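Structures incoming, each one as structure tokens.
Note that chain A is present in both complexes that follow, paired respectively with chain B and with chain C.
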Partner chain A sequence: MSDFSFQLRKVSKRFVKGKETITIFDNLDLDIPAQDYVAIMGPSGSGKTTLLNVLGGIDQVTSGEVLFNGQRVDTLNEGQLSRWRAANVGFIFQFYNLMPVLTAAQNVELPLLLTKLGSKDRRRHVATALDLVGLGDRSKHYPREMSGGQQQRVAIARAIVSDPKVLLCDEPTGDLDRTTADEVLEILALLNREHSKTVIVVTHDPEAANHAKRTLHLNKGIFVERTKLA
Partner chain B sequence: MNHALLVTKNIGRRKLRTVLLLIAIFIAFLLFGALESFLQGFNAGQNSAAADRLVTVNKINFTVPLPISYVDRIRDLPGITHATSQSFFGGFYQDPKNFLLMFATDPQAYLQVYPKIVLPPEQRTAWLNDRRGIAVGRIVANKNHWKIGDHIPISSSIFSRADGSHSWDFNLDAIINLPEDSQRESVVLMHHKYFDETVTFARDTTSMIVFTTASPKLNDSIEKQVDAMFANSPYETSTDTAAAFNKAFVAQVGNIALIVTLVVSTAFAAILLIVGNTMVMAIRERTREIGVLKTLGFSGPVISAQILAESMLLALFGAALGLGTAWLALAATRRYLEALIPGVHMTGAILAAGLGWAIVLGLVTGAVPAWSGLRLRIVSALGRR
Partner chain C sequence: MATFGRQSIAIAGMNIRSIPQRLWMSLSTVVAIALVVAVLLSFLAMANGFRKAQASAGAADIAILMRDGASSEINSVASRDQAALVGEMTGVARAGGKPLISAELFVIVDGTSRSNGLRGNLPLRGITPTGIALRHGIRITEGRVFQPGTNELVVGRAVVREFVGFEVGKTLRLGQSTWTVVGVFEDGGTVRESELWADAGVVQSAFDRQNFFQTIRVRLTSPAALPALKAAVAADPRVQLLAQSEADYFAEQAKASGGLIQALGWPLAIIMAIGALAGALNTMYSSVATRGTEIATLRAIGFGGFPTFVGTLAEALFLSVVGGLVGVVAASLIFQGFSAKTLSANFTQVIFTFQVTPGLCVTALILATVVGLIGGFFPAIRAARLPIVGMLGDQ
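Presenting the complex of A and B:
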């Protein structure tokens, strides 16, 4: 098995809008080793969210290859991609995207409905994930009864409950105040450091980037700067 | 938690909308259950009519009488086993609104033409030997709280007696129990002889002649034979099977089946549009959530199945409420309804058809949103482009 979580080889992404073809990125190469913690920064429209979508298998590339642990994922069909995402990738969004009709525990349990785990095992996994993000006592609360930071922590618990190898985070602190944002970033760092998760964060927040092992700056579809942090 | 809980949570997320939808579905199936049950009642006569039983009435229409002598002439034809007269009496008990389906007949011959009526021997003997005796269907007896041995005054809205009164005294000698034939359980039968000797007009006549043949295969030829026998006479006849006669009788009220079909179809079409439109809107509101579920690994078919399950659950629950209420209402008023329309009740077939339509409603209203859920692209759902 490859030591890389993700490898992009000459990946291009273009949209046709009317008579115009818009290139998001062209011939992009990228290696993200397993257990890496990468921040992807760049101005709006630079293609960083599209890149995250491509890595998560929720958007198709126009050309090139996307490999996960040495296996191509850009050639998988919809059903195969669903199963691949359920098994390997956890998503964390800027606006949490929790189901308002479900409690915290039920939201966290959602990905486990796709596994063969029995209800008792599912509840055990959910309790572990909520404890890890410090919300063990809020399991029966609905999203509307929680603060933004707490909702984002529930979203993190949902992303890790099925023990995926990779966490893809799209502006995870974009809707949070500084203190709460730092708590969330600490959790992501902990997951990378002590639970060996590969964490890829798209962000505008320099503080968020500071928590990463390295930062990639994407502008007009190319990496213009690569910073390796100590 | 499981997929079923997720479905019910989604249904309950906008309670007012769900309640209004359920009310709409409830009304449609209440109408369906009630109207189909009425239709079943109207058709009961056709369904219970024996294949070998024929009815002869005046060619003009059944309200114009035939000579009573026609009974014997018909009975004497080859291939005919039994024949009886049946004169409509237009009876009512105490109040003209308490209408009775009452006929004057020859008791002995009537029991031969309707061999499924088996009276207890003592009741049979009492009725046959009592000129003032009546045999009463179970439904009528129950409705009016009549019992064997009662002396019952019955009035006629058509006939009068020589003394100018409209009331006749009867003895209740027999009760007809025949659950498979609600029409027979709804009649009151008096002796034709008592009728004939007391009425001021229409003596020696009958409204219709009911007779049985040796085999249903003979029906066609016997129908023609009977009508040919009385052709060019002052009282020409029209002969048909009992089923066809009952159907024609019901048709005089109107094309009940067409009315029921139109009302139910209109209700269903309206509900289909309401529920379908609401389901589409409900799923559109959840586009982002569906995108999130797909991101988590829920496949298109799983999402579609959940949406279909929502629409099916709504349809089935609403239908069960509607059909259940119709059943309860019919059961509560059956005593009164059966006196007017014998056989009106919700059968298992109506219940099964209702649930079948509920499944169709659920599938049709869920089809478009389920398809949308299946085809929805995650990137579009999350509003990322």
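Presenting the complex of A and C:
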């Protein structure tokens, strides 16, 4: 088995819009080792989110190879990708994307419905995940009854509850004030440090990037700078 | 497969719980489907009530004999001599050495409707005490039976309910004579309750029918004796009548008008259902659109396309079943026991009550479910095929 979570090999992504072909990125190579914490930065439209979607198997590449733990994922069909995402990837979104009609615990439980766990085990996992993000006492609260920071922590609990190897975070602090954003970033760092999660964060927030082990700057479809933080 | 079921149930549950977010649109679909169901059920209950009023009047052990070719009593004619010959035939039951036979007249008279004041045809039956005894289930609820040889009437309770001036003690002009109502009878809601009964001889005289009748009724020794009676009637060239069981006669009468009511009801309900279907499609497409981010999020987490399809279809089915139940309850409250009248094959008013039955409710609910299935199918396909990319950030 490879030591890499993700390997991109000559990956290109192009859109056809009318008669025009728009290249998002071209011949991109990238290695993300297991347990890495990577921040991907860049101006709007640079392809950060598209890259994250490609890594998460919710967008297809035009050419090239996407490997996860040495296995091609760009060749999987839709059903296989769904199962692969359920087993390996947790998503965290800028606007939390919680289900408004479900309580915190029910939201967190969603990925476990894709597993063979019984209801008792699912409840136990949900409680553990909510405790980990400090919301053990808010399990019965609905998203509308929680602050933005609390909702994002519920989203993190949902992302980690099925113990995926990778967390893909799209602007996880983009909708939060500084203090709350820092709390969320601390949780992500903790998950990387103590729970061995590979964390990939797309962000405009330099503070978010500071929490990462390294930062990749994407501009006009190529990585123009790679910074390894101390 | 277990996770497929969990996924489908979870998505269906979320969809249904989020209906209050689309309350008015969902409500309009429920109301539209409820109307379709109520209209269909009203027609089916009407046809059913009419059929029951007719069909339950007939007994298997009573034979009715009419002129060959007559489709109803009003078209038939029979003589006293024919009645005497039939009375001696095999299969006819006897009591005290006399055949249980009733030669009856059927005359159309006028009545004034309580509901709209219009004149309507009512059947006046000339009958004998034996004829009354031949009918199962007749019960005098008020007054008494007419005295033979007098201008007295006993009337069905539906006539009293729907027409003016037939209460006990009232006098009225029928033909050239004045008649007095002396009693009211009931017969379990059958078509007989739409009739007026008087002494056969007096009716013959009052309406100048000389020695003729319309029909002959006989009690059979058993329902199994009918073929023997038919054969005996056919073998005697002096009789020239056709025998059939009273049950078959009324069932045939019910088929024509009951079928017509249903034939009107179904197309109307289907046209309305198409309208409700348009509403359901609109509601469900709107539901999918407003839940685009939620659907995309679930798909990103790993939920499959097919559970998304099933979950969306379940929402449409839920709305249609709720609409169907509302329609069933409304139709039952409004129409169950509702009294109506229509023209029978005898050109007289048949008074009957709407009959909503569990079977009819199930039929109406099936129509509602079909509306829900079709109304949810295409939006569910859209939900299942919704692109994840592009929908995730739509807030």
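The rule is short, and it goes like this: the second predicted complex is superposed on the first by the 230 of 230 C-alpha atoms of A that agree within 3 Å, B and C clash if a C-alpha of one lies under 4 Å from a C-alpha of the other, contacts with A are read in each partner's own complex, and residues count from 1 in each chain.
By definition in this document, a residue touches a chain if its C-beta (ideal position, glycine included) is under 8 Å from a C-beta of that chain, and two chains touch if they have at least 3 such contacts.
What you see is a predicted model; the values in this text were computed from it and never measured.
*Asks:* What does the overlay on chain A give for chain B and chain C, a clash or a fit?
*Replies:* clash
*Asks:* Kindly classify A:K116 by the partners it touches after superposition: chain B alone (first), chain C alone (second), both, or neither?
*Replies:* second
*Asks:* Quick one: is A:G79 in contact with chain B, with chain C, with both, or with neither? Answer first, second, both or neither.
*Replies:* Once the two structures are laid over each other on A, A:G79 reaches both partners.
*Asks:* Of the partners chain B and chain C, which touch A:Q151 in the superposed model: first, second, both, neither?
*Replies:* neither
*Asks:* With the two structures laid over each other on chain A, which partner does A:I58 touch: chain B (first), chain C (second), both, or neither?
*Replies:* Both partners, chain B and chain C.
*Asks:* If we overlay the two complexes on their shared chain A, which of chain B and chain C does A:N97 touch? Say first, second, both or neither.
*Replies:* both
*Asks:* Between chain B and chain C, which residues of chain A are contacted by each of them?
*Replies:* 49-50, 53, 56, 58-59, 78-79, 82-83, 85-87, 91, 93, 97, 99-102, 110-111, 113-114, 158
*Asks:* Along chain A, where are the residues that touch chain C in the complex?
*Replies:* Going by the criterion above, the answer is residues 49-50, 53, 56, 58-59, 78-79, 82-83, 85-87, 91, 93-95, 97, 99-102, 110-111, 113-116, 158, 170.
*Asks:* Quick check on the complex: what are the chain C residues that touch chain A?
*Replies:* Counting only chain C, the residues touching chain A are 2-3, 6-7, 10, 14, 17-18, 21, 293-294, 297-305, 388-389, 392-393, 395.
*Asks:* Help me check something: in the complex, which residues belonging to chain B touch chain A?
*Replies:* Result: residues 1-3, 5-6, 9-10, 12-13, 288-289, 292-302, 378-379, 382, 384-385 of chain B touch chain A.
*Asks:* For chain A, which residues are in contact with chain B within the complex?
*Replies:* Touching chain B from chain A are residues 15, 49-50, 53, 56, 58-59, 78-79, 82-83, 85-87, 91, 93, 97, 99-102, 105-106, 109-111, 113-114, 119, 122, 158.
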